[in-house]
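Next come two complexes built around chain A: one with chain B, the other with chain C.
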Partner chain A sequence: MSRQLKFNIFRYNPQDPASVPHADTFLLEETPSLTLFIALNKLREEQDPSLMFDFACRMAICGSCGMVINGRPGLACRTLTSDLPAEITLMPLPVFKLVGDLSVDTGTWFRATNSKIESWIHTDQEFDPGAAEERMENALAESIFELERCIECGCCVASCGTANMREDFVGAFALNRMARFIMDPRDKRKDADYFEVVGTDQGIFGCMGLLACEDVCPRSIPLQDQLGLLRRKMGFIALKSIFKRKG
Partner chain B sequence: MAYETFYSDLVCIGAGLAGERVAVEAAAAGFKTILLSLVPPRRSHSCAAEGGMQAALGNCAMGEGDSPDVHFADTVKGSDWGCDQECARIFADTAPVAVREAGHWGMPWNRVEAGKALCFKGGVCFEVDEKPEKQGLITARAFGGTAKWRTCYTSDGTGHTLLYTLDNKVTELGITVHDRVEAVSLIHDGETCQGLVARCLKTGALRVYLAKAVLIATGGYGKLYSETTNTVINEGGGQIVALDTGLVPFGNPEAVQFHPTGVVPTNILVTEGCRGDGGTLLDVNQERFMHIYEPEKAELASRDVVSRWMMHHIREGHGVPSPYGPHLWLDIRHLGEKHITTRLREVYDTCRHFLGVDPITQLIPVRPCHHYSMGGVRINKDGYAYGLKGLFSAGESACWDMHGFNRLGGNSLAETIVAGRHIGRQLVEYLKGAEATLRTDLARQAVAKDEARIKRIIAGSDGKESVYEVRNAMQQVMMEGVGIFRNGTDLQKAVDDLQVIYARSKKVGLKSSGIGANPELAMAIKISGMLRLALCVAYGALQRTESRGAHAREDYPARNDRDWLTRTLAYWRDENGDLPQLEYEPATKVFHLPPGDRGYGKCEIICREEMSE
Partner chain C sequence: MASIDTAIYVKPPSRASAYLDWLQMLTGAGLIAFMWSHMVLVASVNLGVNVMNTIAHFFEATYMAQVGGPLIGATMLFHFILAARKIPFTTGEQGSIWRHAKMLHHQDTWMWVVQAVTAMIILIMGSVHLWTVLTDLPITAAKSAARIQGGFWMLFYLILLPMVELHVGIGFYRIGVKWGFVKADGRKKFKRSENILTAIMIFIGLVTIIRFATLAI
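Take a look at the complex of A and B:
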C-alpha cells in the first residue's frame, strides 16, 4: 500500500507585495524510490507552478538543494521519502537570504566568504608552461581531496549556532577550506597569514563546539577533526604571539 | 520600461569551467569581465564530471610512450573522422600544459606511486610496475577508445575539484559574478554582437549587458531528452540565443552522445573510470558480453560503440528485467574496497545513497542514456562564432569542433580548460583591437521585444498551453525518435511531431502569476527555443543519410565519407518558419589523419572518391 504524503511547505515571494510568509499543504501519492527532487517537481508541475526551489545536478554533488527537511538541514535530491514520516515539513535554509519559498541565495554568501578567507593558492611562483609539474605524494593529494569534497551546500552553516547568531561568522565550510590550504605545500602562506584570516571570533574562535555541522554534512567531511586541529593550531599561534610580545 | 544596464569588455554567459577559464584569461590581461550564470558558478554542470581529463603526460607506466600525436589520433578516430583536425591538434598539444597549470593553481591531481601495483582489465588482474623516477608526478587512468592510460584525475571528483580550483582563481582575480541570471536574447545589429538581454532569476527583472565581446559557455542541450545524465539547467540556453539571431549556425546538432553507464532508474552517471579501472559489463546471466562484440577493446571501446552494443544485447533478450525496463549490470566488486572508497569515491556514495546498492559487494544496474552534446554554436578554431562579430563560444556549448560525431571520455573536461585557455587568448587579442560603439537604442528595442513576449506569456494572450506538458511531449519524442538507433521513418515522425509541439509551445500561457523569480515563467520563456533546437537535432539527423559515431542510422549503416564527411550547419533564418535551413561544410580543411578504420565498432565505409583506389 502506498502512502499519502502530506507536505507542509514554507511559502513567501518577496517580490510580490501581496505575499505573506505562510505554509501551504500539498498531498502526494508516494511512489517507489520517491526522492524530494521528484516529489517537489511533481508538486510544481501538477499542483502549483509558482513553487520555488533549487536543484541542478540531482545527484548530490552540486549543493543546490539544501533545505530544512523535518527540522534538519539536508540535500533534498538524495532524500528518499521512504526515510521520512508521511508528514513532511520543508523550510528554506536559515542564515542565507531568501529568494522565495525554499530557494535561498547561497551564491552571494559563499562568494563573499571565499573572498574574505582568500580561498586560493597564494604563491609568487609563476607558472612555467614548459616545465614538468611539481611533485606531490599521492597520499597528500588524496588528503587534500578529502577536504576539497565540500560542495558548499550550506547545510553546515544553516545548522550552526554561531552562524545563526552572528552574521560575520565564516562557518565550518570556510574553516575546513582553510585546513585544506594549510595542508597544501603549494600555498605559501605562513601561519601568521592564516591566523590573520581565521584566528578570530569570526573564524575558529567563534565556534562553540556544538558540531551540528559534522552531523548534517552530506559529504561526511570530518569537520569535527578539522575544527579541532585548526583551533589547536590557531590557539598555539595566539599563545606564541603573546609570549613574543612580552619578550 | 526601466531596466538596469551593465557595461563590460567581456560578458561570459555561463560560468562553468569553459566560461571561467576564458574569463581568467581576459581578466588577467586587464579586461573588465562579467560572468553570468544560471546558478552559483560552483554548481555548474562541470562539477558533475567525474573520471578525469585526457592529457598526454605519459607519466604512469601504462601511459609510457604517450604523446600529443597519439592523443590526437585517438581523438580523431573517436570522432569517426567528423572532427576539425586543426582543433583536435591544438587540443592535444595544449592539454598537458592545461593540466599542469591547473595543478599550479591548486588542483590535487592523483599522483604516481612508484612500485608494483595490481590493476584490472576486463575483470582480469595484472601487475603494473610504476617507475621510481616518476614518483609524485601526475598519474592517469584508462578510458574508452584510448591507446594509452591518459586520463588525469582526482579520484572520481575531477570536475568538482577542477571547478573549485578555477573558481578560486576567479575569486582571486576579483572577477564580477552575477549568478542566477539567464540570457534571453542577444543584442546585435546584424553584423556585430553588442551584448544581451538577460533575466534576473532572483527578482524576475530584465536587464541589459553591453560589451565589446560576448562569450557563450552554457554547456549542452541534454534536457531536450527526458533520460539524461545532464543537470536540470542544461536546456541549451546559449544555443537558443545564438540560433535566434538567424545569423549564427548550430553546428552538427544531430551529434548527440549516449553514455553507456547511466544508473537505472535515475540516470545518474557512474564514471567511465569504473570500466577504465577494470570494471565489467554483465548481462542477465551475470556474464560478460562486450568482448564478444569488440574482441580488441571490449568494455573500453568508444562510448557510441559500447552504448549500441549494450542496447543490441538488451534487444536480443539478455537484459535484466526491472520495473523500469530491462537493464544491464556494471560490476566493480573485484576492484576491492580500498580502490572503490578512494579512487571511485563518488560512485561509492551515489550507489549507496540513490540505489541502496553497495558496489563493493553488489552489482550496479546501468543502461545507456543521453549524456553529451557534440554539436553547438559553430565557431572557428579561435573561438569566433560564425555569422556575428564579437560573439565567441567555448566548451560543450560550442561546436569547435574536436569531437565530431563522438566524444571520447575524458575529452570534454579537458576541452573546457584547453579550449578555454586557447580561445581566451584569442579573445584577448580581439579585445585589444576592438573599439565598440555600444548601441543603447538596439538594447532598448531588444528589451521591448522580449518584454512584450513575456507579457503575452504571463497574460496567456496566445493560449493556455501548459509549459510542462509541452516540454514533456518534446522530451518523449526525442527519446523515441532521435535516440541511440535512428531510422528515416522514426526521424520523419519525430520532425512532424516536433512541429506540432512547436506550434503548441507558441501558445504557452502561465497558470501562476509570473511575479518575481517565477520558475514557470523561466521555463515558458525558453520552451519555444528548446523546440527549435530539438527540430535542428531531429531534422539534421533525418537529412544525414549515413552512420557516423553516435549518429547510427539503421537504414544507412555505412559511414559515407564520399557524401557525408561534412559538418551540418543549421540556421533558423525564418522567425515564422518551423524548420531550420541546413547547410554543410567540410568536416575538416586539413587532414593530418586520413579517414580510415577506427579499430572498434566495425562498420562499412564508403570511401571518398579520390581515395577509393
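Take a look at the complex of A and C:
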C-alpha cells in the first residue's frame, strides 16, 4: 500500500508586500520511485501553481534544486521519498538570497565568490589554437577531476556553521576549488598568491571543522581531506615565511 | 619619510590568521595533554593517599606547580582569546548558529556548540579552581578531601569535571579532522574512540571525587 506523504513547505514571496513567511501543508500519494523533484512538480501542477522552486536537469548535474530536506541540505532530484519519513519538511537553502518559497539565488553568490578567489587558471602562456592539447599524467588529471565534479549546488555553504554566521566566509566550495587549482600545473600562481586568497579568516582559517559540508555534499567530493590538506599547506607556507628573509 | 599608516586604507597581505590558527591548535593540544595528565595524577589518590601526596610533593619540590600552575592559567586564557575569534558573541550570530544547529540535526555541529558553551563555563570555573588550589599550596590528599567534603565544592567539581572532559575530548577530535591528521575514512572510528575516552575520563573523575568525599581526614 502506498503512503500518504505530508509535505510542510516554506512559503514566502519577498516581492509581494502582503506575503508573510509561513509553512503550507500539502498531501500527496506516494508513487514508485518518487523523487522530491517529481513530487514538487506534481504539487505545482495539481495543487498550487504559485509554488516556487528551481530545477533544470533532474539528474544531479545542474545543481539548481538544492534545498533543505528534513533539516539537511540536499538535491531534490536525487532524493527518493522512499528514503524519507511520511512527513517531509522542505525549506530553501539558507545563506543565499531568497527568490521565493524554495527558490534561492545561488548564482550571484557563486559568481562573487569565484571572482574573489580568482577561480581560473592563471597563466602567461599564449593560447595557440593550432597546437595539440598539452598532456598531463592521467593520475593527476583524475585527481583534479575528482574536485572539479562540484556542481555549485550550494549545499556545502548552506550546511556550514561559519557561512551561516559570517557573510564573508568563502565556504568549502571555494576552498575545494582552490585545492583544485593548486594541483593544476597549468596554473602559474605561486604559494604566496594562493595564500593571499585563502590563507585568511575568510578562507581556510575561518573553517571551524564542523564538517557538515563533507556530510551533505551530494557529489561526495572529499571535502574533509581537501580542507585538512589546505589548512596544513597554508599553515606551512606561513611558517616557512618566518625563516625566509624578505627579498 | 612621512609616516602614514597605509594599512588603514589598503590592507597588505598578512599571515596573522595562519599564525593565530597554529597557536590556537598548539595551545589546545598542550591543554589537552595537561588535562589528561592532570586527571591521571589526581586519580592517583585511588591508589592510596600517600601515592597522591608523593606525586604532589614532587611537583612542588621541583617548583613545577608554582611555576607551571600560573603558566597553565595563562595558556588557558591565551587559548580562550585565540578561540574566541571564532565564537559568536553578538546576539545575531548566536541566533544564526543556534537556528542552524537545530535545523541541521548534525552531530559534529552540536559538538561544536557544546565546545563553545563549555568553554565559557571552564573559563570561569577553571580560573576559580586554579586560584583556589594555587593560593593554598602544597596540594595534599587531605586538603583536597576537606574541600570536597565542604559540600559546595563537591557540586562545583561535579559540574567542572564533565565540562572539561567534553571540551577536551571534542577539541582532540576537532584538531584531528580539521588539520587532516585524521582522514575521512578514519573519522567515524576516531570519533568513537574519542567518545569512549571522554567517558572513561569522566568515570575516573567521578570515582576520584567519590574517593575524596569518603576519605577520612
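Definition applied: the second predicted complex is superposed on the first by the 241 of 247 C-alpha atoms of A that agree within 3 Å, B and C clash if a C-alpha of one lies under 4 Å from a C-alpha of the other, contacts with A are read in each partner's own complex, and residues count from 1 in each chain.
Here is the rule we go by: a residue touches a chain if its C-beta (ideal position, glycine included) is under 8 Å from a C-beta of that chain, and two chains touch if they have at least 3 such contacts.
Bear in mind the structure is a predicted one, so any value in this text is a computation, not a measurement.
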{"item": "First (chain B), second (chain C), both or neither touched by A:14", "value": "first"}
{"item": "First, second, both or neither for A:196, with chain B first and chain C second", "value": "second"}
{"item": "Touching partner for A:164 - first (chain B), second (chain C), both, neither", "value": "second"}
{"item": "Dominant toucher of chain A (residue count), chain B or chain C", "value": "B"}
{"item": "Contacts of A:57 with chain B and chain C, given as first, second, both or neither", "value": "first"}
{"item": "Of chain A, residues touching chain B in the complex", "value": "13-16, 32-33, 35, 44-45, 48-52, 54-64, 78, 99-100, 103, 105-108, 110-111, 114-115, 118-121, 123, 125, 127, 129, 131-138, 140-142, 144-145, 148-149, 151-152, 184, 186-187"}
{"item": "Complex contacts: residues of chain B adjacent to chain A", "value": "39-45, 47-48, 97, 99-101, 103-106, 108-113, 135-139, 154-155, 157, 160-161, 164, 167-169, 171-172, 174, 177, 179-180, 201-204, 231-233, 265-266, 268-269, 323, 342, 345-346, 349-350, 353-354, 467-468, 510-513, 515-520"}
{"item": "Touching residues (chain side chain A, partner chain C) in the complex", "value": "68, 70-72, 91, 94, 159, 161-162, 164-166, 192, 195-196, 199-201, 203, 205-212, 214-215, 222, 224-225, 227-229, 231-232, 234-235, 237-239, 241"}
{"item": "Chain C residues within the chain A interface of the complex", "value": "13-15, 17-22, 85-86, 88, 93, 96-97, 100-101, 103-106, 108-109, 112, 174, 177-181, 183-184, 187"}
